Amino acid sequence: MLHRTAFRQLARAAMVHPMNVLELTGTGLDSLTFTERASPALGARDLLVRVRAASLNYRDLAIARGEYGGYARPLVLGSDAAGEVVAVGSRVTRFAVGARVCPIDTPDWIAGAPDERTFEKRLGGPADGVFSELLCVSEDAAVATPAHLTDEEAACLAVAGVTAWQALFVLGQLCPGDVVVVQGTGGVSLFALQLARLAGAQVIALSRSATKLARMKDLGATHTVDTSATPAWDSEVLRLTHGRGADIVVDVAGGDALSRSITAARVSGLVVALGFLDGASSTLDLPAAIRRSVTVRTSSGRSRASFEALCRALTSGGVRPVIDRVFEFARAPEAFAHLATGAPFGKIVLRVGAEAR
Amino acid sequence: MLHRTAFRQLARAAMVHPMNVLELTGTGLDSLTFTERASPALGARDLLVRVRAASLNYRDLAIARGEYGGYARPLVLGSDAAGEVVAVGSRVTRFAVGARVCPIDTPDWIAGAPDERTFEKRLGGPADGVFSELLCVSEDAAVATPAHLTDEEAACLAVAGVTAWQALFVLGQLCPGDVVVVQGTGGVSLFALQLARLAGAQVIALSRSATKLARMKDLGATHTVDTSATPAWDSEVLRLTHGRGADIVVDVAGGDALSRSITAARVSGLVVALGFLDGASSTLDLPAAIRRSVTVRTSSGRSRASFEALCRALTSGGVRPVIDRVFEFARAPEAFAHLATGAPFGKIVLRVGAEAR
Amino acid sequence: MLHRTAFRQLARAAMVHPMNVLELTGTGLDSLTFTERASPALGARDLLVRVRAASLNYRDLAIARGEYGGYARPLVLGSDAAGEVVAVGSRVTRFAVGARVCPIDTPDWIAGAPDERTFEKRLGGPADGVFSELLCVSEDAAVATPAHLTDEEAACLAVAGVTAWQALFVLGQLCPGDVVVVQGTGGVSLFALQLARLAGAQVIALSRSATKLARMKDLGATHTVDTSATPAWDSEVLRLTHGRGADIVVDVAGGDALSRSITAARVSGLVVALGFLDGASSTLDLPAAIRRSVTVRTSSGRSRASFEALCRALTSGGVRPVIDRVFEFARAPEAFAHLATGAPFGKIVLRVGAEAR
Amino acid sequence: MLHRTAFRQLARAAMVHPMNVLELTGTGLDSLTFTERASPALGARDLLVRVRAASLNYRDLAIARGEYGGYARPLVLGSDAAGEVVAVGSRVTRFAVGARVCPIDTPDWIAGAPDERTFEKRLGGPADGVFSELLCVSEDAAVATPAHLTDEEAACLAVAGVTAWQALFVLGQLCPGDVVVVQGTGGVSLFALQLARLAGAQVIALSRSATKLARMKDLGATHTVDTSATPAWDSEVLRLTHGRGADIVVDVAGGDALSRSITAARVSGLVVALGFLDGASSTLDLPAAIRRSVTVRTSSGRSRASFEALCRALTSGGVRPVIDRVFEFARAPEAFAHLATGAPFGKIVLRVGAEAR
């Protein structure tokens, strides 16, 4: 590795900028390492963004542990950030220097359905991600930060927020009066709770913790089910819905709970399978699914159109993301360890570059 | 015509019931006449419903005036009622005697899109409608009255309520943060306002009356536009939406205002053309519509699935229809005259059969 | 049981008709028994249909074996028939005596998506089905037989034909140039092959039999894959589609092959899971499904709107169902045994009431 | 203007290339002028494309005549081209030098629905178009030319082909057996005819010329209607469809014919309004549209996803565009004059840069 001073001199000459990044160099949380890199060269339609905050997702943890993706190392993790535009390419028209922006996590996904090439440049794997002081992104691959949110809050949106949006309003078509089931207290589930309530739907919240259920009730959950007391939560969902079942089940657990998601859904209902916290492999009871004409949809990545729609909704409704805890960037490994406990209620945020401000 | 006593005797023998109905015998409001008929014979899957309340729609007025439909006379008008099941056929399973129900206005439209035969038995034209003391409807052609609503309120749903529901959630796909434009203070527009707010959307309300705009603001309108002061309301919608335009314009005016609805809609936006209060003929600026990739959808009739979804939403949100005024059934012609003034704020309801209660 | 002559006399007096039906009285193919019943009473909107032909579906076999449904016995099986209207109720308008019709198998499903009550009267379980000389069905629950088809051919449509239609054009949205995978040579798969070709799509046909693959090639299959030689047929589908994958996989096998269906689908692709010939329980690799953003849809029952659309398509394209073999009604148990071999290429048809013609 | 030799020397020094373009400098066909420009600088993700063929669209004519768009001059017209990649930017991954490509006409529209910024860089207005020897386009804004097509044929796809595709399969959802109405013999209409036939639909073709109708019959039209003999062609469509009406009417005429398109559509049918050859202003009969629950959709621009789907369909079906006539680039003004006659049967193509080959 170059000596830091020499590196900074070289970088300045090349009109690129040195930046601190958090690299994953191998497998396991102890292979997360801070290092210095040069920022990428700014293309004619690119933005240089100074990252102010980033947030962790379960995907980052699964990649770090070697449980997902199998992407080449070293890899800068992170898909979820907010910052400020500090330089723009010569042909940029969408944003000006000083604009507050959030990068989209799948830069090639503007709108519509993805195809087989859409995910090739996904931030945080396979492409380098946002756990970095500076980012160079296409002007097409960023959205304006909602004015009512801090950077810490805005850094929660790109993955968890937009995933919840897509589950309810793109993969599903949620209407007022519909019933949504959310599982646990991770970012996606809490966003789904908040967005479903904003849309006039009812929410049945599941958790193994009575304390967390109480907090979900405060966030607007219509009903709560303690799954340690009531493991057959699918029957409870049917009971609470007078036998009809839920319109949308947002499943982040995977594993054998996916079967319960299917029996908890109404006839012609939707299960959005977004995660596998309880197991990567699910056993499906096909006759049960067929009898209920259920649809199971999965999704990887998110479109800019969905991100923009989410921002309009949050702004219109004055909704703010739920943050569990904010860590300084330098303490990112602790943040990962905290996520790994499975205990958080909401998002875990990294504050980036505070010393430079 | 039979002498009334003889008629009642005959009817009793045939196991049918005499009932008072409001018939349209010609063209114009003065051809609305009360007369006595025998209730239809109850089929194996039919319900006999004692009507408790019914409401007027602009469609009834347009048919009475000879401006719409051209249906054969005599015709019992009315598409919108609520009542109680007083007898059931031998194979009925969906409802029991005593159940509170609302008939659906298009008995053959259960779900999905209508086809060329769907409207053949539409209540209030071409088939006899609900301005009657008794109704005989298929058990498939009724929905359960939401428990939190009175019969007067429930009698507002079948047409205005379900039309607004279909405009926002079936023809359109309204999401939180979207912008909806509603015109005036008729039943459809006020339901659209209430439902859009329930769904977390923003509403721009148009009216020529400052007083009515104030009441729409009370109902939750985000912005109001006084179209007597601002006839170019499409420009105002663009201004209020920072140039983006409305996601859905619920157009009940028709006439040349339809062009404004199109320019007020966002690119890829939707205009739902539901009425023609301002004129049955519209001049369309095609290049303007094409430049904005706008969709114009119309709809006649409503499905039971939409009605049931509306009921779930109203129940979940505790929303009640806005009633302008309630008339006794015997004063129905006055109710028509009141509707014809164009002044109402909300629905005009007939209370039916009160003397029998 | 009544003596047959006495029964016929009684029936005549009651204006109902004696009819021979094939009842399932217990579990297993040897509990299929012919018996005589009285036809149901004809309601005002009902059709009395003399069945000319009916066809077997795997569902009938699964119910008979006690593997599906758990419906009360005795039960008349069968969902798939064609016949002639021999009497109509007093208010029938859709069909006249003499009309050739096919009953729809889910009488309450006219159009749109089903709800929790839609399947309550499904023919062949839970309600009595079509393996009967006479049927009484609502006029709303029948479609006109396509003129170019014989009754034997038309008796193949209601389940296998409409299921394939829904898979490709209702659950999916097949376009010309798309790629469809079909498995084996049952009724649904062969209809899917024929309909996909009619729609300008490419078809990859899978079978363990080279002979059957040759026949599928004759029916228009673009590519064939012998799965006994190439068990990893998902890789072969990816190879044949230059890495893109199939737009729609019509999965009738279930079991562990469902995982291959998911990896054979393109990003954002669709797997329609319609059966479980290879196993009722499937193990799902969730990360694999999520990475490809695949949707898995199931379906039970079929709508009249889909049936009518299928009829238009078959008529327009001059397409005829593929019939494996026709049995006389009296030899229905042999027909079931033939289906149970899994060997058929196309549909197995029962010719009903030929002696009466 | 620079002397040509000096210009070429300057251009070489700047690593850009001189190129002949057809500029619109004012209003009217006589303001179409050939001039020399420097090719734009190649960005890191750009392709430099040597244009081999381009085709004319009615849109080019309308802009030249000052009837549409009002874009700033000088403007290079043209949205529809095919050529060869002659240089690629440093980060290009989708195409290599030598690849045959077609630019998409709306470079920012990859998939999904457009928004208010999507059309800002549309080729041929407001941005410079393809009537040029060289083009510099983002690698994201091009598709691979179908191998079975010549460059002249491929130059017909981007506008007329993709517009027809979107009308039938994106705005509409065409199924086998559906009925499509096409008007006249322009590029969009003939593509719609060919694609609808490829999809197993029936086509009713309208024209004022018996000769052209005969050629449309040869292309596969199911029925033809001579609108000079039968001006009330909507009634004829209803007759030909046994009263049901057309599933999709592809309306390129606009003007008062739009009303006929609406009455020719089936209940719940679709009119795609794509042009205004017969008039920019249409009078709409709202009650008629409402009674039939018709949807009118318009569209401007086209997505890359649609273009790619079209290419797969053409390749799979071996379909080739219908070319009316090919002109050398230098004779482009004559080509415009030919288009203005309204007489062409299919596309008018410019052969570009032939002398350089």
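So that you can tell them apart, the chains are marked A, B, C and D in the order they are listed, and the count of residues begins at 1 in each.
Rule of thumb we're sticking to: a residue touches a chain if its C-beta (ideal position, glycine included) is under 8 Å from a C-beta of that chain, and two chains touch if they have at least 3 such contacts.
Since this is a predicted model, take the numbers as computed values, not measurements.
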Interchain contact steps from chain A to chain D (minimum; 1 if touching): 1
Contact-richer chain pair [A-C vs A-B]: A-C
Chain A-chain B separation of Cα centroids, rounded to whole Å: 42
Multi-partner residues of chain C (at least 2 other chains): 113, 115
Contacting residues of chain C [partner chain B, same complex]: 43-45, 91, 93-94, 108, 110-113, 115, 117, 120, 140, 303, 305, 308
Of chain A, residues touching chain C in the complex: 68, 113-116, 118-119, 243-245, 254, 258, 266-268, 273-276, 279-287, 289-301
Chain D-touching residues of chain C, taken from the complex the two chains share: 169, 173, 175-178, 195, 198-202, 309-317
